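In the two complexes that follow, chain A is the common piece, with chain B as its partner first and chain C second.
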Partner chain A sequence: MPRFLKDFLNRNGTGPGLVMLGLVLFWTVGLIILPQLSMLDFSFRPNLPPPEMGGPKDVYTLENYKYLVYGPEGGSQAYNAVDLMVFFRTLVAAVCVTVFNLVLCYPIAYYLGQTKGNHIRVLALMLIIPYWINEILRAFALRIIFGETGVLNTILTGAGLFDTPFDFIRNDYALYAGLGYAYILLMIFPIYNVIESLDHNQIEAARDLGAPWWRIHWRVVIPYAKPGISSGCTMVFMLSAGALAAPQILGGPSSLWFTQLIYQQFNDSSDWPQGAAYAVVLLVTCVLLVLGAMRLFKVNMGDIGK
Partner chain B sequence: MSAGVGVDLENLWIRFGDFVAVRDANVNIKGGDFFSFLGPSGCGKTTILRAVSGFLEPSEGNILIGGKNMKGVGPNKRPTALIFQNLALFPLMKVWENIAFSMEIKGASAGERRKRADELLEMIALEGQGDKLPSELSGGQRQRVAIARALCAEPHVLLLDEPLSALDLKLRQHMRTELREIQKRVGITFIYITHDQGEALTMSDSIAVMRAGVIDQIGDGKTIYNDPATPFAASFVGENNVFRGKVKQVSGDRVLVQSNRSGELLARVSTANVGKMKEGDSAMIFIRPEAFELARTGTEGDHYVSARVVNEEFEGNVFNIFMEGDGGKEIKVSLPNHGQSFDSHKGETMTLRYDVRNAVAMPAGVLATE
Partner chain C sequence: MNTSLIRVSVWIYLAIFFAYLLGPLVIMSATAFNSPAFPSATPWECLTFDWFSALFQDARILNGIKNSLIIGAGTVVLSVLMGLAGALLLTQIWPKLRATYYTIIIAPILIPGVVLGISTLVFWDRVNRMLGLGPDSALSSGLFLTVIGQSTFIASYCMLVLVARLQRYDVALTEAALDLGATHAQAFRKVLLPFMRPAIASSAVLAFLASFENYNTTTFTFGEYPTLTIELAQKVRYGISPAISSLAFIIVVLTVFAALANEALIRRRELVAAARRKATVAELTGGLKLPGFLSGNTAAVLLVVMGIGTVVVLGTAATYRPDQCIADVREQKRLEAEKRAEELRARRDAERKEKSTAEPAAPAPSTGAGNNSGSFGNVFNPGTLQDGATTPAPDAQGSTGSGGNSGFGGVFDPNALQGSGN
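And then the complex of A and B:
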């Protein structure tokens, strides 16, 4: 038995230790790894009616991946421009949402983490309570705000800033706002957690040595908060790239999110292998992007768990 | 190195809501001095330091550094550097980056910064340790890095907030000497906050004794110790035996006190209280344990006290003898170790004599409770 396992069992007792291990294994292997492997398997098979599954035609193929790049065979275009566009736009938009969220949440997390007093609890509660409301309802609430005859347009035209209502939905503002808002907590809390443990004296020491506020953040607070920032960014990026409800409800009619394509293939076209291939491409690309970003910002995998 | 400049506190008041943390403080600190604020925790000494460094605006009054009023000047713009109680080194920066942080802010190149950091590392006897992280150094080394980091900013005034309290006893005593030496070498003004009278007495040119937001006395170590101005200063700095009573007779700086339990005692009125004591007033007389000597049993007079030996404590260089005077009055006497022992005298009544110059009288007041 490896040493860490023995230590783990000694620390928690053999019975409870085994239960915990079993649950974690079930969670990761049974609920995550195996289903994903089965999706991976699907993605390499042709779309066959159930009777032919396992038959002679059921062989591994790259067809589904080719489709994403080249489109239907004999199609009019050399590349599957529509799907590829959606794919890259989704990734770029997810990156933008992540950056926007970081810029928005870092000051909030800093304030929450470094200020003392009871009002901090109230503020945290006010951040959490809206999340008691169902995600879809929240998305529709944003629709009411951003709609053509919505609250925002009524105010803006009423104030004379716009002559005609601005279509926030068609221009995707509503979508970005919705995605940003949906994952605010996942950005704030990891950063807040880390910043809360930052000794306030360090900030004062930097100030005392002559540092202006931005340099204090750049040299003292942000390096310290890096694990929290990276874990927040990872979650927000992954979840917005994989979001479905917000794009369905808040997206303009012409702007598809890549997850919507996947959804259509699974559901509308009943083409599971094609959907699986798209999902695998999205997953792998997102993981690679995250790993690349971690490398760029010199973050260790262990820091993410902090 | 920049020369030290003076720091003046003028009618300084600092309030937090209804609580008065500092009450009308007036202090003139000379440039290049090692000045200590000495007092128990909660007496307002750290508040004064934070006000001087600029983290806190005084409610009333002025702080002058080098004659310039610091009102509205932020901590990053003041010619002061603060050493925090927990040092507050930046854990993710290397030691040399920590030291040269103030130069980084001014835009110095990495080469210049490294060079200066190495010079300072040499000064604090940590050559070659610049590439370590603070967590890889020992407590005393970290202490010195914090000093170097503060000195690198070339402050005119260095502020130290109980920087030795986290160290163990041996290291603390060693760092006292070292701090004093560094201060003499760089020649800038040090303002030192401590509750440890030993630290204050050994290092300081001048000491302010504080109690509950009020500065009781300012003076050099010898004055504070030998000629305390208030009962608090007398009982907080060093050990003291206090005799309470009523003034019977005053003549010049001599006062005869009818003590409650030890007969008539003659004492010297402390300099700050000359002319302030008159017949019938409540008075306190302070006699240090080491100011007593044994006298022939049965001798009597106005500078003798008789007491019964209760216990003896051997401290190496001195014997501490705990005695009980009339009415259960506890008296502590420290006698130099000449190889004798007082164990066999337990229960015996002995007579103690003191030099009137070493018995300090003042109007009764609040004692330090410790």
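And then the complex of A and C:
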């Protein structure tokens, strides 16, 4: 028996130690690592009916990935323009949603973190309550507001700004508002946690030395809050790129989100390997983008999730 | 910059922000009490409680709630156990492995839910086949897959909550228990577990909420057991109804209740602690007079007010019948529609007269687009006006251009009501 294992069992007792190790192994290996590897493996296989799996036709192939780039074999177009467009649009929109949320939430997080008083508790409570409501219901609420006969259109046409109702859903404004709305809390809390621990004296000192308010933020608060900002941005970006409910409910009929393509591969055309390949592409691209952004802004992996 | 100006702009910003955050929920709640069949807050027609009874008669929703509760219970047990084990191991793992281990157990939070759902489905499908089990085995049942899929990432949330508390634990306590002759299991159960209890409770609540509202992972794994969220999503995607708003309203109210109750308890504990601190020895020995539940406790006052409000609303709902109001609104709409039809008829009559005088000079081709000319022809037939299906031809192009109107149901189309009103 290896030394560290023996130490571990000595420290925790044989029974509890083994239970603990068993649970952790089940979680890390059985639920996290193996399923991901299995999905990766699956994405390189052709779409076969169950009896033929493991048979002579079950060989590794790049077909599923080729499909994303070049489209169906013998198709009329050189590239799979539809799916690629959806893919890039999803990524760009997710970045936009992230930036929008950061700009919206930073002042709130700063205010909550640096102000003392009883009303802060009330505000924090008001922040958390919407987050307890189901994601679907939140998207539904926005759909009521942005609908053709919804509250917003009634107000805007009533005020004489538009003559005819504006179709927010077809133009995807509802979708962006919905995605931003869904992940506000995930942006605020990491930033708030960090800013709360910033000594107010540092801000006072900068002010006494004559710094204008924007320079105080640029040189003192933001560098200090960087770990919080980066973990908030990472979470919002990953979640909005991987969102499924909001695009299904709030997206326009003509525009798709990449996750919706994956969903269709699984549920409508039941081409699991193809869907798995798309999922792998989404996961790998998102992870690479996040790692790249972290390198760019000089943030460590260990700061994420704090 | 002037400080009072800054203060005002901060408040304005806060007001806008919270309007964005809470406004949709308020409006959605309002639609649960409005009578039109398409959920809308404007125009306000009649106060009604019918959508709530419609909700409670919906078998699919009730079945969804049942499935959600079963899956939630399973997920809570599994993810709290795995989260606790993961957190304990994190505090004593070999330092060189620590970073890798941490990355692995934190990764599920960042992996998109869709990917987790797919990988769970694919992996267990393969395990199932390798074990030679049929498609109806326990391993491919929706309940099992959903619990497993959700626990993958919910355990990470639990781990984060538990590790925060575990870092404040003094290992010397366990060592003392062991020195005094406790077994490891006893030391765990009697020393560590009581210390961890608050964190375990909050991670369990968190896990249940996360499981209850999860959609992305569950949508791939649910199989024969659709949860409430899945049912809701299907309802919202294929035709929405105020019954969903009424469910949302119930959830909002329950949430606010829970939040206020929690807040009131915390405040109460603070007040008690403050009273103890200030109390003199005589007071402590002679029985301390603690502040009442409501004094100085805004949250508790609000809680009681909300409770009374709920009772009043339930009482009203039991006796209130909005039929008269609904009939009134329908009558009014019918009158309006008739008036509009009358106007149209008058206008068309005038047009026809104009046309018939102009016709000899300028013959037919003036109607333009081919398929429109058909409806244009109908205009001259006063009989078609009765069912209000046509609009005057000159407007027809405009109204097809602005499209989607009709997509939101005929509810707001005054002509549609004419049929039901008659």
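Rule of thumb we're sticking to: the second predicted complex is superposed on the first by the 278 of 306 C-alpha atoms of A that agree within 3 Å, B and C clash if a C-alpha of one lies under 4 Å from a C-alpha of the other, contacts with A are read in each partner's own complex, and residues count from 1 in each chain.
One rule holds for everything that comes next: contacts are C-beta pairs under 8 Å (C-beta built on N, C-alpha and C of every residue); 3 or more make two chains touch, one makes a residue touch a chain.
Model, not experiment: these values are computed from the prediction.
The superposed arrangement places chain B and chain C next to each other on chain A without a clash. When both complexes are overlaid on chain A, the residue A:R215 reaches chain B alone and has no touch with chain C. When the shared chain is aligned, no partner comes close enough to touch A:L68: not chain B, not chain C.
The wider contact with chain A, measured as residues touched, comes from C rather than the other of chain B and chain C. In the superposed model, A:E204 lies in contact with chain B only, and not with chain C.
Of the two partner chains placed by the overlay, only chain C lies in contact with A:A243; chain B stays clear of it. In the superposition on chain A, A:M20 makes contact with chain C only, not with chain B.
In the overlay built on the shared chain, the residue A:L261 is in contact with neither chain B nor chain C. Put simply, the nearest alpha carbons of chain B and chain C end up 8 Å apart when the two models share chain A. On the side of chain C, the complex with chain A involves touching residues 1, 10, 13-14, 17-18, 20-25, 27-28, 31, 38-43, 81-82, 85-86, 88-89, 92, 94, 99, 101-116, 118-124, 126, 129, 148, 151-152, 155, 160, 183-185, 188, 209, 212-213, 215-216, 219-220, 228-229, 232-233, 236-237, 240, 244-245, 247-248, 251-252, 255-256, 258-259, 263, 402-405, 407-408, 412. Across the complex, chain A meets chain B through its residues 199, 201-202, 204-212, 215, 219-220, 223-224.
Against chain C, the residues of chain A that register as touching in their complex are 4, 8, 11-17, 19-21, 23-24, 26-28, 31-36, 38-39, 42, 50, 53, 104, 107-108, 111, 121, 123, 125-130, 132-145, 147-151, 154, 164-165, 167, 170, 181, 184, 213, 234-235, 238-239, 241-245, 248-249, 259, 262-263, 266, 272, 275-276, 279, 282-283, 286-287, 290, 301-302, 304-305. Here chain B touches chain A in the complex through residues 53-55, 74-77, 80-82, 84-86, 88-93, 101-102, 104-106, 149-150, 153, going by the rule given at the top.
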